[in-house]
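Lettered A, B, C and D in written order, each chain numbered from 1.
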């Protein structure tokens, strides 16, 4: 029982991790909470649905196409909405409100296209699951953990090693200095949006492999991602790993004591506690305070 | 001589290990205009922020008329008789010029919600009286025509003037003015200095930070020169100007 | 002529800081801008590098007008800028900071250039893998200088490189500045409060007061004339 | 005719919700995604009291108002420590927790099944039963809420709220107790939302948690912003337009299944468009831009 809870937590953590990494990345370069991420998450899942179920491509290929498609949605949002707003010197609240509007639109477009009922890309036959330390884990779940880990490693490496990664970190660290160093800050924001949205879409795909998809599925995933990102410390990838694991453990181990329906409430109680008492999270730097 | 009308004693404050104030002390007499000079990073604005309660000092005291104000929240200090302006010029830009002045009156009965609903008459009377007073203050300073324009429509100089008028409406005894004439046109400088010079006649005391030395010479009774968070020199504007330590601090 | 500024008006929001300022930097010169606080010294550098727009007037670099250029375009033209306060990318290590500085440099050349710059700043060589945020103030200032040099600028602009440094460190930072100028022939425009130090190293001096030019001449004239200095500052 | 009355009653309820959120977000600048939570908690408190203890309607209403007021003060308090977008996230968290409680505390709230059979309100012997009577009751509450809002925003207290919204530092330097003010206004706004909740519950005579979701909060925010934050009549206009919108869509012949989505697409799109071209909304004055301190 206990080891099954741990395994469940691990699976949840892997999805949180992917989503939270995207949120954290996007927030640390753009400095606002990108609400429409929730829609991008669902976009990822529905793209796979269309490609796999309607077009008939194999699942793996569908997923490989769907992730960049999600990224493209993020790119479009950045180009059509956020960049023009930033040009008008819009603050974080204006951007946040615009992204809420964008979420509402995208989510309802998906509702119109696919209906509110849940859709599934899960393999039809129920899988037994492989025994694993006294628990059971399905193949799909193993794959999702592997994908999350692989993405994280790729991301971390890219951040440390590549030129683009360094540019992104420079912009996170000091946007003004980055611009006088000759970095095109707008360009960096653009491709970080792409990567972050691709991560969000991947999160959606992984989730839809485990449970079914609905147009509003992104909201819960986004919220878990926000919690993991804030708990870990916005802008710190290693912190995000910690945050995702912490959140997943807290949610799943608490099912020893209370029923599973309370998982959302637990996640948000954790978030509230962190926002009030330690808004910089486990590893982050202090968030801005009022300065005189 | 009531030398300790305002007493500032051994204030210390550091940011990330850098000492902005390192045991700064000085005092102010009633009705005195004191200029604060010093190079960038000398700790002048930090001093204002500590006096007005926006920063808590690590040690030291600020005592106004025998009342220790150290560590009190800004709104308490503001109601205890201290008004200030800001270097980056804070006003409520979207509100009208008149509203900005009206906001600055302290302890308005109409700002208590209970009075709004249950003692409407008395708070309305007070509001009307404040409105008259605000209008006449604006008239004296030549901003009356703009009273109903949003504050952001004023020129930079007029905005600075308005922030001074706000301090007058506060009926504070001590005014902390952070660069009152920086970046404004010469005629406006004259006007501002005229108002500031007249403040002691109304029983008010002033501390001001200003880089325009001519302005300081014109209005200040006394000047304190600070560097690296401590007082380096003190005296009449002429004395400080001729103090070799001062020129040394600038060019060192 | 490396940099020519003609009748520049600019400021922040509604606040005008510079009033009809004209100045120039010739090839290979070290030019200092001094003056009391609030004179608009840093504003000159920010306007030249493109962080704030010019309201009026003209800025001309190496024969091209740069009004309205972005900082990135100016870096490509050969203007680099080390802003005030030992600004480095705190989350990146020393090597990465240098790579960011040379990010417009062709990749093949970058390694060699970094090696060259590190030869000028041996302190940084030992710290190559450390996070820039953990360096001392002096080392951060060296790094800020080094970062601005990687791109091999024609004009290097420094905003108070001495800020927060001990007198010894100030000496060594200024020593480096002279060395760089002598070895590479880069023109340097430097804003500085530590007047005595900067007068020792520069070829020409401008002094600003309340956004206007108050003095234009050679450091020798000023160095010995305390009366003149006092007039400029007090 | 009844149909028209139904729309008018709904508009009345949303005017209360939007005007109260406008106090919090439009005047005090505390953008909150928790308004549907107060709406719901108010409804549940009154209904549960009526069902279990059979207390009179006015007592239930008063209890819901007081309860939500206190809860609002508690939820608004984090606003003293965290600001802007982090505050939005914190209210969001509260919204989700509140929904979760309504949905999962089955023994008290009936969970997803909701609470059916809510009795008609009786006020001093007057049984509110017909659409007309509900319209009178809702209209009366609506008028009271608007009158209170009007009193607040035209008083020096309202001026102080605007000052806090635009520049807290200036407000503090002018001697205003910013912290107390924020908590107070958040509590008042929450209490007013409870009034709307009580009206809604008794009018529909059935409540379940799905009426009080995050999306509902977003809808209320959209009303305020599209109508115009920081103005008395902006949210009223917004409520009329956005509540009547699906009926208009139905009128032009969209099937109702599609109309619900189209309505949301329209208001989501309007939200984006407002941010792009008119962040102060149709009638408002607050553009969610904090006084940008220059250099």
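One rule holds for everything that comes next: a residue touches a chain if its C-beta (ideal position, glycine included) is under 8 Å from a C-beta of that chain, and two chains touch if they have at least 3 such contacts.
Everything quoted here is computed from the prediction, not taken from an experiment.
A.B. asks: Please identify the chain with the largest separation between its CA centroid and the CA centroid of chain C.
C.D. replies: D
A.B. asks: Which chains touch each other through the most C-beta pairs?
C.D. replies: Ranked by C-beta contact count, first place goes to A-D.
A.B. asks: What is the distance in Å between the mean C-alpha positions of chain A and chain B?
C.D. replies: 48
A.B. asks: In whole angstrom, what separates the CA-based centres of chain C and chain D?
C.D. replies: The separation of the two C-alpha centroids amounts to 54 Å.
A.B. asks: Could you give the separation in Å between the centres of chain B and chain C, each centre being the mean of its C-alpha atoms?
C.D. replies: Here chain B and chain C have centroids separated by 34 Å.
A.B. asks: For chain A and chain C, let me know how many angstrom lie between their CA-based centres, rounded off.
C.D. replies: The answer is 42 Å.
A.B. asks: By residue number and range, which residues of chain C touch two or more other chains?
C.D. replies: Expected reply: 13, 15.
A.B. asks: Pull out every residue in chain A that's touching 2 or more other chains.
C.D. replies: Counting only residues that touch two or more other chains, chain A contributes 292.
A.B. asks: Which residues of chain D are in contact with two or more other chains?
C.D. replies: Only 169, 294-295 qualify.
A.B. asks: Spell out the residues on chain C that touch chain A in their complex, using ranges where they run on.
C.D. replies: Those in contact with chain A are residues 49, 51, 70-72, 75-76, 80-81, 83, 87-92, 96, 99-101, 103-104, 107, 147, 151.
A.B. asks: Residue numbers of chain D touching chain B in their complex, please.
C.D. replies: On the chain D side, the touching residues are 148, 151-152, 155-157, 159-160, 162-163, 166-167, 169-178, 184, 188, 285-286, 291, 293-295.
A.B. asks: Write out the stretch or stretches of chain C touching chain B in their complex.
C.D. replies: For chain C paired with chain B, touching residues are 11, 13-17, 36-39, 163-164, 193-196, 210-211, 226, 229-230, 233-234.
A.B. asks: Touching chain D in the complex: which residues of chain B?
C.D. replies: My answer: residues 52-54, 73-75, 78-79, 83-84, 86, 88, 90-95, 99, 102-104, 106-108, 110-113, 116-117, 123, 127, 166, 170.
A.B. asks: Note which residues of chain A are touching chain C in the complex, please.
C.D. replies: 163, 166-167, 169-170, 172-174, 176-184
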